[in-house]
Amino acid sequence: MIVTVSRHAHFNAAHRLYNSQWDLEKNEAVFGKCTNPRYHGHNYELIVHVTGEVDPSTGYVVDMKWLSDLIKIEIEDRFDHKNLNEETEEFKELNPTAEHIAYVIWNLLRPCIPIQHQLKVSLYETPRNYVAYEGQ
Amino acid sequence: MIVTVSRHAHFNAAHRLYNSQWDLEKNEAVFGKCTNPRYHGHNYELIVHVTGEVDPSTGYVVDMKWLSDLIKIEIEDRFDHKNLNEETEEFKELNPTAEHIAYVIWNLLRPCIPIQHQLKVSLYETPRNYVAYEGQ
Amino acid sequence: MIVTVSRHAHFNAAHRLYNSQWDLEKNEAVFGKCTNPRYHGHNYELIVHVTGEVDPSTGYVVDMKWLSDLIKIEIEDRFDHKNLNEETEEFKELNPTAEHIAYVIWNLLRPCIPIQHQLKVSLYETPRNYVAYEGQ
Amino acid sequence: MIVTVSRHAHFNAAHRLYNSQWDLEKNEAVFGKCTNPRYHGHNYELIVHVTGEVDPSTGYVVDMKWLSDLIKIEIEDRFDHKNLNEETEEFKELNPTAEHIAYVIWNLLRPCIPIQHQLKVSLYETPRNYVAYEGQ
Amino acid sequence: MIVTVSRHAHFNAAHRLYNSQWDLEKNEAVFGKCTNPRYHGHNYELIVHVTGEVDPSTGYVVDMKWLSDLIKIEIEDRFDHKNLNEETEEFKELNPTAEHIAYVIWNLLRPCIPIQHQLKVSLYETPRNYVAYEGQ
Amino acid sequence: MIVTVSRHAHFNAAHRLYNSQWDLEKNEAVFGKCTNPRYHGHNYELIVHVTGEVDPSTGYVVDMKWLSDLIKIEIEDRFDHKNLNEETEEFKELNPTAEHIAYVIWNLLRPCIPIQHQLKVSLYETPRNYVAYEGQ
């Protein structure tokens, strides 16, 4: 019995989109107001999806309380109320687009998820825009 | 033309998580407050997804009115306002985790869905937790 | 400057509707399947609204972190994953309709909210049904 | 790095379900009140999903502003505040079921999306009914 | 104990905005694409709010099942899957703006609600636009 | 016929909570991580409510298209993708709590709304926290 379990989480942060190999004019041409040097921000709504065999003794793929605590420790405590560009190791060099944030979150969680389970990460940057990454 | 059609439905029920082969202490260690012997409950939001060829004469994969009635008869009438552990055949022996409830719903609906169509079931146990099962 | 601040919270619980002065037949006639003696349950979505003067030094009516902690201690810890009829003092005698639950929550919170502020409580019993009580 | 980016859009329109090769009686037997000759209508909530390699210079699969503008020009301007059966080329002959509308939208967008990217279209006809088409 | 109880309902319909005392040009100047003579449509999300004393024997302001049935009979059966301008008595002469639809619904429900209770009607025309009327 | 019409809008921005008359230690004691000097951010969901007489010739309280354009020009263009503390006149001196942002928005819109109409502003800072201000 293979089931996908999904858990919502939330953090908010400031960021700007910026490619350090381009000058400001090129950054503005590509990223528009998203490259504002004084930053803007979002409420990021995160959904973590884990797919695997249901353990017949618990009826769980993974314990949701454990998953929720894992997301808190690995993701929310790291990014919540932060400036992603200035205050995180992960986005010192990497442009914090929603695509890259989902990729970073997937890579932070992957080592903590049982090896036999699949992992997917969905991330709403606004209520109308979201991305998904599953490790490919 | 292969399309997936999805229909939301709703039921609310009481349950507790419990493995009858474990003593109370083990159940509490694993399931925490979810094993409360006097039960707790949820509004279960169910989404049934059917994937198949669109019938060129109707433009439908399946008639949504028919699908909605099927879900009412097979699922809502069976589980709505019930104590899943005590009052349903399906969870007399099976621990009513969200994973197992999705599995049971899938198996109840599968014989009623045209054989050439695929079926998937998503189930929100809370607005922040959900599971999906597609028959594997 | 008078502002209303509102905070969402969540708990889930089992309950049944029941008037102890009526026999089972009368309870069934009035409450239908909601009086099922083996209980059913809900995800209760709670919104607490506090109206008052904005403190010019903080820009807050009340600190949302404080309000959120208060709701956790006074309401979520008391009712979450509980059987309202059997396991709470508040609903030993009082029929746990949404109306009464909102009334009880209001009365639990009122002494903790600054006396000069107004308090209102909204409670979703399902995504389609909710109630509001403001102390009258 | 393969990511799916998704963008919400919205249009509202009138339609009726109707198979021109059937008489009115047959249409009513199959489509019920959805074949009302004087039309009914919906708020259509559209989600466009594009899957592809993330461009390392931008961190984008596609520019969301570009995708949003494309949906406006190709879909919203074409269908918003229209009578689908009477005022659109696409549904002159094709019965405007949600399945067919998703199929038409997919075909309108496909030539505009980079050839190496995958495209999927989800369409809510009501908050409880939706369909998805990905080109098969 | 005065409580407000609220119940969601839903119908979808076609309409156009039109003032019969103006020519087409004036209608277009005022109503834009909303006056399209071939109609457009919406999913109308209706919320009915009833405020009154809680009955101590039931714990109800009004029975939600009764309220839900009332809304079905008086409102959904009357307007669902209809062309408001052409097929309803209420909007033969009255321009079916959201404001007017809320007014009409309030007047249809008012005689059915206990005289000592207050009634308010909220109506979402789209997920981003809504109106409320309470009888003044 | 007095009706309230409500319109949703959206902007995202960076901010920090900060009282310039306090030292950093006091700011941290009061505002916690919300005073992070490098900022964090939110998706602000704004709802503007206008209450007034329905114009019998249009059936409108105000034209929603006009209201939507007004919000875009006065609010979204001013605050979207901005650092509220550093880049706006309004919050140079005023601590940008949700309470104060709602107050500022109300005061920006009030002169543009017909004098005989009432105005209220609701503002979601996160999906679980919101405030409302109506000019008192």
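A, B, C, D, E and F label the chains in the order they appear, each numbered from 1.
The rule is simple: contacts are C-beta pairs under 8 Å (C-beta built on N, C-alpha and C of every residue); 3 or more make two chains touch, one makes a residue touch a chain.
Everything numeric in this text was worked out from a predicted model, so none of it was measured.
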Topological distance between chain D and chain E, in contact steps
1
If you match contact pairs by residue number, which of A-B, C-F or A-F shares over half of them with D-E?
A-F
Taking each chain's centre as its mean C-alpha position, how far apart are chain E and chain F in Å?
29
Between chain B and chain F, tell me the centre distance in angstrom, where each centre is the average of that chain's C-alpha atoms.
41
Multi-chain contact residues (two or more partners), chain B:
127
Quick one: which chain pairs are touching?
A-B, A-D, A-F, B-C, B-D, C-E, C-F, D-E, E-F
Partner chain D, residues of chain E touching it in the complex
10, 12-15, 33-34, 36, 38-43, 45, 80-83, 86-87, 126-127
Chain B-touching residues of chain D, taken from the complex the two chains share:
17, 19, 21, 30-32, 94-100, 102-103, 127-133, 136
So, in the complex, the side of chain C touching chain F is made of residues 1-9, 54, 57-61, 63-65
